[in-house]
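In the two complexes below, chain A is the common chain; its partner is chain B in one and chain C in the other.
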Partner chain A sequence: MSEMKTAAYICTGCGIGDKIDAGTLEKIAAKEGKMALVKRHEFLCGAAGVQMIRDDIDQEGVTHVMLAGCSRRAKSEAFDFPATATTRANLREGVLWVVAEGGEHDEIRQEMADDYVRMACAELKKMKVPAGNPATANNKRILVVGGGFSGMTAALAAADAGYQAVIVEKSGQLGGWAARTWKRVPAAMPYAEPQETGVAELIDRIVSHPKISVHLNATVAETRGAPGRFAVDVATESGAAHSEEVGAIIQASGFTPYDIARLPELGGGAPNVVDHAGLEALAIAADGGAIKRSDGAEVKSVVFVQCAGQRDDSGAHLPYCSGHCCATSIKQAMYFKNANPDVDTVVIYQDLRVPGMGEDFYRSAQNKGVIFTKGKATAVKAAGNGLRVDFRDLILDEDAAVEADLVVLATGQVANSGVDIELPDEDPAKAQKVSILNLAYRQGKDLPILKHGFNDSHFICFPYETRRTGIYASGPVRRPMDMQQAGEDAVGAALKAIQAVENASLGRAAHPRSGDLSFPNVRLEGCTQCKRCTVECPFGAIDEDEKRFPVFNESRCRRCGTCMGACPVRVISFENYNVDTVGSQIKCLDMPDEFSEKPRILILACENDAYPALDMAGLQRHVYSAFVRAIPVRCLGSVNMVWITDALNSGWDGIMLMGCKKGDDYQCHFVKGSEMAHYRMSKVDDTLQQLGLENERVVTHEVAITDNARCARLINDYVAQIMAIGLSPMKGFG
Partner chain B sequence: MTEAAYRNDFLKEVEAHVEAGHEVKRCMQCGVCAGSCPFGPYWQHSPQKIFMMIRAGKREAVLSSDAMWMCTSCYNCIARCPRKLPITHIMHGLANYAHRLGLAPKGQPTRDFAVMFWQNLARRGRVNELKLTLGHYFKDGIGAGIKQGLAMKAVGLGLYKAKRLNPLEIFGGHKVADLSGFHAIVAKAREIEDRKRGLAS
Partner chain C sequence: MTGNIATNSTLLVVGGGISGMTAALEAAECGKEVVLVEKLPTLGGRTAHLYRYFPKMCHPTCGLEINLRRLKGNRRVRVLTMTEVVAVDGERGDYRVTLKIAPRYVKDNCTACGDCAEAISSEIANVYEYGLARTKAAYLPHVMAYPQRYVLDPSIIGTAEAEQAKAACKVGAIDLGMAEETVQLNVGSVIWATGWRPYDAARIQPYGYGRYRNVITSLEFERLADPRGPTGGKLLRPSDGREAKNIAFIQCAGSRDENHLRHCSRICCMASLKQTQYVGEAYPDGSGKSTIYYIDIRAIDRFEDFYQNVQADPGVSFIKSKVASIVEDKDGNPVLHGVDTEGYHRYATTHDLVVLAVGMEPEANSIRLPDSILTDSSGFIENSADGGMFGAGAAASPLDVNRAVQSATAAALRAIQVIHKTAATESTA
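Let's look at the complex of A and B:
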């Protein structure tokens, strides 16, 4: 694309032409925006309108297109010109629908539309069509770390979809905990009886599958590279080491049962007190017959203590619920009842929670005569030849005791998530953990952890994504779960891995900007080796070379721009999104003077949630001030401080940053971007003071996509606040 | 603490001998029945607690509870139970079973009245309202009976004038046509019911 030829198209449809003077917009686009071609159309997204643009691209050599009409989020299929740099001025959702009705608002409405056209023209001239990451890599094999139920299911899903899979299993056999389970909680109608695990058949399929290879007694010694070109050193127990070249990785390293020895008050460690895994072993030994204790005595009475060492708020044990234990205890109680209905089985629970179709399973156990009693166990002690469980009966509200031959403690799942890379190196807890992936990444050896030792992934929106692109977490390593959920997880993670290798081979971004061809360019000659980009990248995409310059692994990058926002010397850019594309918009405004009583408020809105929320505020006709100008950003993390200082120097009266919820329950699509922006903006006061400006001139808000009315309210409140403190004295210097 | 705490013994007994007793184990202890009962604050145990006590093996406490006798059969609990347990039926079944075993609370007014009503009815196949009323008034002694009768004098005279109360009923009263046939039916019904619930008649 040697010669740039710009064109502006102004749509007057959807009532835009009735309230906004298109003639003025045309003049601004031509004179101020310096658009080579300016056209007006009454129905731009219709076939004729789109054809007009296509004809100009094909015949007039238009390379850059500015569309003034609806939001960039509307009609994106009609306005799809992949080889042409395209930007949009949001006149419909951003102006027409949000500015108050009535002739008295005509002037400010027109000014708002004028500014959006100016801004879009300014942005357009700084944009290039992204060419895609040239460092494509074509390896499409998928490595699965862990050969348990989740890992095997993931490998099979990938292999059945036509991708080579490699399993690395630490122990000497496949199957994990599932193979040490007698039967599983039912996954099919009528959800009434424990069913076969199917693990033996699964192992057979893995072993005989032509597209799956398995390394037993093996661990990952080192992982280097990026999606499409991971190099993984596999170390085997025998000392042999070799390297696997893979395109993506699924971490299905599973869980370890919480150590019952840490529960001595509940009999942990005492004879005839077992955990779920211990009971499975007894059930496998009995194989449908009477279950016997380790001393050979037949069990005639058994008590299950739920939430043992779980849901603990004292800090001594696991604070969370492991989700599967109620159904697992129900299943195990049925082992006894099915072998001999006269065995007394008591489940002491605090809240019986059986997700999925577990209610049917629970009813089935009740019909078999399993006694469920709401209570809290306080002590398990030896009594005679058996044990006595003291508990508080929470229904009868009294202290009670029950004797049993065997006690089963329903302990929780502890994630096998490797090293917590956030901990300082000298922390003894860090040294105790063995790394799973041994990533040769600047930011640490393993996947980042969110809380309670589980790998960081967004439960609801993108469950298998981790903070390392091309590496997906599946099964109980990312949250506690049962076999049913682990199986679903495995298939989901396998599909994400396939998506990752395909995107990497095309030089495109993975989730959440899946398919994006832009990638960060760094002008290394300007780099001061400050390392902020390498430290702050939420995805560990950037390593450092020997001279401590950043090394961008483009296919590890999610294209959020957090590095761009971090860079103090502004050497990081994307072809279609960079310091200039936003900066030029900030500086192009027709800024009214200090005494005009027309403030100008800049909104930098996250395009994932905040900008759609603003659009929807328009859709729902929530009126907000016509003094604001919103610019979408990829993530609040990409907001560079220079935009703030530029805006303040250009006479903007206030700046609102709108990003996603941060913290443990984050909604940020780039996990840490919003948090990073909030942190950076907490330090903006110095800048404001240097400029002699009030602290209120820069505010940051967490906004959810549903906060439509709230957005309008926030804007109106802020405009009132700015009016109260007065307009910026910085006008006219920019 | 009894030896059979949280064992299935008493639950099995209830299943075998109490109407709808096999449903008790399906209670999930949500407490909706207890919250729905208009008599909630006035009885010893809510259905929720009775069911938990059965499963905890508290035989004495359950069978001697006044709870089952306080039930007015409003059916709120049945209508609302998420597990669709026939709670009212179970409560009546428990009352009946406790009564048969002689463990029901002594002097419980509902129980006394129920006994009186049944005896009155079973004798001649028809309810003798005069005898039933007088029996009820005088159950606590002559003095209390006279006092109660005087208090209700106006009602009684009203009923008499409206030909709703026949004083001659005091001498035997009306009855079904085939009295021995009626007694045979009742005896047979009891035999069938006892066999069904495994009770000796």
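Let's look at the complex of A and C:
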């Protein structure tokens, strides 16, 4: 890499020049910031301003650019200099628009702008343009674990886009539950009749597709590596083992129907009581004719008990709804009605849940004479040659009963999600479960499991973002769903897998820092093998070697910097984001003395939500104190304790950390980063005590992106609090 | 933007809401060239108007911020706002698309400084606030608008106000001579992510929307609850600005009704359950009361937890009933009439405010789709006859955000399959 040549560009547009003295900023950039070139422009983002910068890059050899003007969130298209290290001093949204109007604020407004220029210059000199990882991984095959409807659909979707796919299916045939289904709920107009499943054709296409290979009676014995270079040992029942090299993995391991034997009060386990799968078997045997019970008797009356062992708040059964069961029971009731309209079909339901065009399917069933009764079944007992279903009629609010030859319990889907890696090893619940992926990862064998046993993820906007890069859960393993949704989900998962292999081959990060070429560098000679990075990485990206040194797998890494925040000896860094890029900003201030009545408050703000929230506070002109200085961080999890101690030692009077919501309903884009930061900061009191400082000098807030007025309020309240306890006695020792 | 930048390896995404942005970004992050067109002046779509999402009660703008950052950092996506598709000719793998670009009167060198808005006094209904507030006729659509550029409303063009706005712009970004443009592109595949619009509640005549000021839609209620909204997050009823404490939510307003929308719109039950929590948030002393009038509560799959929590909320009650009619009493309070089907008794209940959980109608019903697009009886896109165009998100089915994003991701791959096949055919030809 050629030598660094820095340049500072100070924009006076948007009123910046009216309120802030650009001459002072130029001097600071040149003298303190030691920028080789310093220029001023009245409209930097305009064509002439941008051309000036481009010319300096092309003709003057500028490699590092500091732009003082608007926020990093604004005008990013104009300031697009790919091979140049670039930073922004936020004078518009961060100073001009938030500092109160009036001459009495001129001095502190200017000081704020001065500091942001100092900080940007300090950061810039510590930055490098990420060169990218030369050791990219180029395998673009896609492994699909599970050969049911989801898995087959995903494999075909990938293969039809030109990528090779490998299916590993644990049973002896493809098709999963879908192959054991007589007909499916309609997925196209007119939504009136059960339709063919299409599974046989799907299997034919898989088997004859030149880009798809299939292992039957096979499971994944071990998965090593990372996106673009996974090595997967496939174990087959015969004992033969294959190793498959793949670039990404789709986990379509499906579901198991909830065991009806656990519902004895509803007749589970008794004769002539079946679940949906049991009824499908009877329907396949009847093949359009009269459906017969296992004893050969023709069914003349059937009752469907919805939510059997589901939506249960007692803790005994499944607490959730499986979503598909209402439509599935309607479909199965039609099997009877279509074969013989005289068969009595009763569906006992609490809420009939057929969203979208399912409503037409429901209407069609009503037209066929299927009876829907709002009620809750309490018991299913043998009665004569058949059964009696006792239920509470929820319309009449009275107990009622209905007799039937056959009872179908609409039980739920239980995810085949593997072992819960967050349970302790000796936990018996874990011992009973079989791993799906057998990941040779430091953090455990399977994808993390969320509520109710389903796999990642529960991001609303980013449903595919699991915590294991390049491994995507698809189908009912991640949310209960019907065939229609499983099909969509599988195609989406195939796209994400393709994206993962393409990213890995270019050394680029996946979501949410898509395209980021930086990756963590570790200076192993300084490492103390404390394992914090390997334990705290939200994505399981870091393994340990036999000497317990961390082994970074870049293509698993999402570049959040949580490892960097965790490292007590500060040996982990990114080329453009590291302990120095932030630390140098903290230490470069012109710190007023203890008696100045000008406190300095450091804000470390998550760049995903808190920093935009501050920015938009500016856009809406919510005034806040000019005593704060905000630094965006990739994630609060990347905040290293040394920044806190450096800030306190440098005389900062208070530190505010602003990150995303943690916990079950996390909003942290790196899932665990914010939680890690909160945990680390819960121990900051010891540090403060050692320095003889008050606990209030470091505070942590959860801030949402909409908290614009609230951010301003938090800042102003905190400044008042710091003024009340007095400025830091540490000034002048830094 | 000229015709020759796009090729039949380019993918066109119509609609810049969360589905369209997702489809465009997912394809672009697989290395594809994408043109994303949006009819309005900003990306973001319907979700950008929502205060919170169910079930996590997180903020839609949080995901929007990430998607905008992905977009800003990706040179493969070209965004055209104020743009509509007027014609699609050709066939799978080789479409010729005609676009109409409406004048914004503001060029891309706008810095969003706001001087033009300061300089004028004309106001227009604020579309972002569903008309619950007014905004200057030179405006930034909302605080997260992208592109972050002002717009001049056509109503002031030709007036002195427009000249004042132009004079106030220090960077010369206002061009009052801008006119509608028509451009043509070649693309290989088209994703229709045209989204949805709220069913016109005024057509549900017995509910009095439009006649009774205290009958509002669920979308308007989102804006009332948002601290950044027109009431600063206070639940003030439109008639008299009084705090609404006793609020009725009417489910299936337009949905599941063969006279209106025959489909179930899927999201409305969860949206109302979520909105009852806004009421709790607005009145921490517990003085807020929500009543949900429903047919079935469709809190599907993992949302059941949320329903159970709301059921346990003492401030929320449920009445199984399709409300027959609403009348207004002398104080402007809406009075709901109907029969509670659990026990079959009639009621006439007075509330401060009624929120209609309006259904999702495909926005595509208001535009002319190419003839080869097949839609279902409600107008949702099923597919295209030649297999080269796809519906995504709420254009394809009434979906919540999570499912819309899945659908859009799937649509992106289907479009890539078309482009790859075209490329393969050409390389062997």
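In this section, the second predicted complex is superposed on the first by the 731 of 734 C-alpha atoms of A that agree within 3 Å, B and C clash if a C-alpha of one lies under 4 Å from a C-alpha of the other, contacts with A are read in each partner's own complex, and residues count from 1 in each chain.
Heads up, the rule we're going with is that a residue touches a chain if its C-beta (ideal position, glycine included) is under 8 Å from a C-beta of that chain, and two chains touch if they have at least 3 such contacts.
This structure is a prediction, so every number in the text was calculated from the model and none was measured.
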Consider chain A as the common anchor and indicate whether chain B and chain C clash or fit when overlaid. clash
In the superposed arrangement, which partner chain does A:352 touch: chain B (first), chain C (second), both, or neither? both
Quick one: is A:433 in contact with chain B, with chain C, with both, or with neither? Answer first, second, both or neither. neither
With both complexes superposed on chain A, which partner does A:395 reach: first (chain B), second (chain C), both or neither? both
Chain B versus chain C, judged by how many residues of chain A each one touches: C
Now for A:369: first (chain B), second (chain C), both, or neither, which partner does it touch? first
Per the contact definition in the header, classify A:462: touching chain B only (first), chain C only (second), both, or neither. second
Is A:317 in contact with chain B, with chain C, with both, or with neither (first, second, both, neither)? neither
So in the superposed three-chain picture, is A:499 touching just chain B, just chain C, both, or none of them (first/second/both/neither)? second
Stretches 153-161, 243-251, 261-269 or 333-341 of chain C: which one clashes with chain B? 333-341
Footprint overlap on chain A, comparing chain B with chain C: 352, 374, 395
Enumerate the contact residues on chain A facing chain B in the complex. 301, 342, 344, 346, 352, 362-363, 366-367, 369, 371-374, 393, 395-396, 400-403
Complex contact set, residues of chain B against chain A: 1, 5-8, 11, 25-26, 28-29, 48-49, 52-53, 55-56, 83
As the complex stands, chain C meets chain A at residues 18, 25-26, 29-31, 51, 53, 56-67, 69-70, 72-74, 109, 111-113, 143-144, 148, 170-171, 226-228, 256, 262-266, 296-305, 308, 320, 341-344, 376-378, 380, 382, 397-399, 401-403, 405-407, 409-410, 412-414, 416-417, 420, 424
Residues of chain A defined as touching chain C within the complex: 13-15, 43, 45-47, 70, 74-77, 157, 160-162, 188-191, 311, 313, 319-323, 351-360, 374, 394-395, 397, 451-452, 454, 458-464, 479-481, 485, 488-492, 494-496, 498-499, 502-503, 511-512, 514-515, 608-609, 612, 616, 619-620, 660-661, 665, 667, 669, 704-706, 708-710
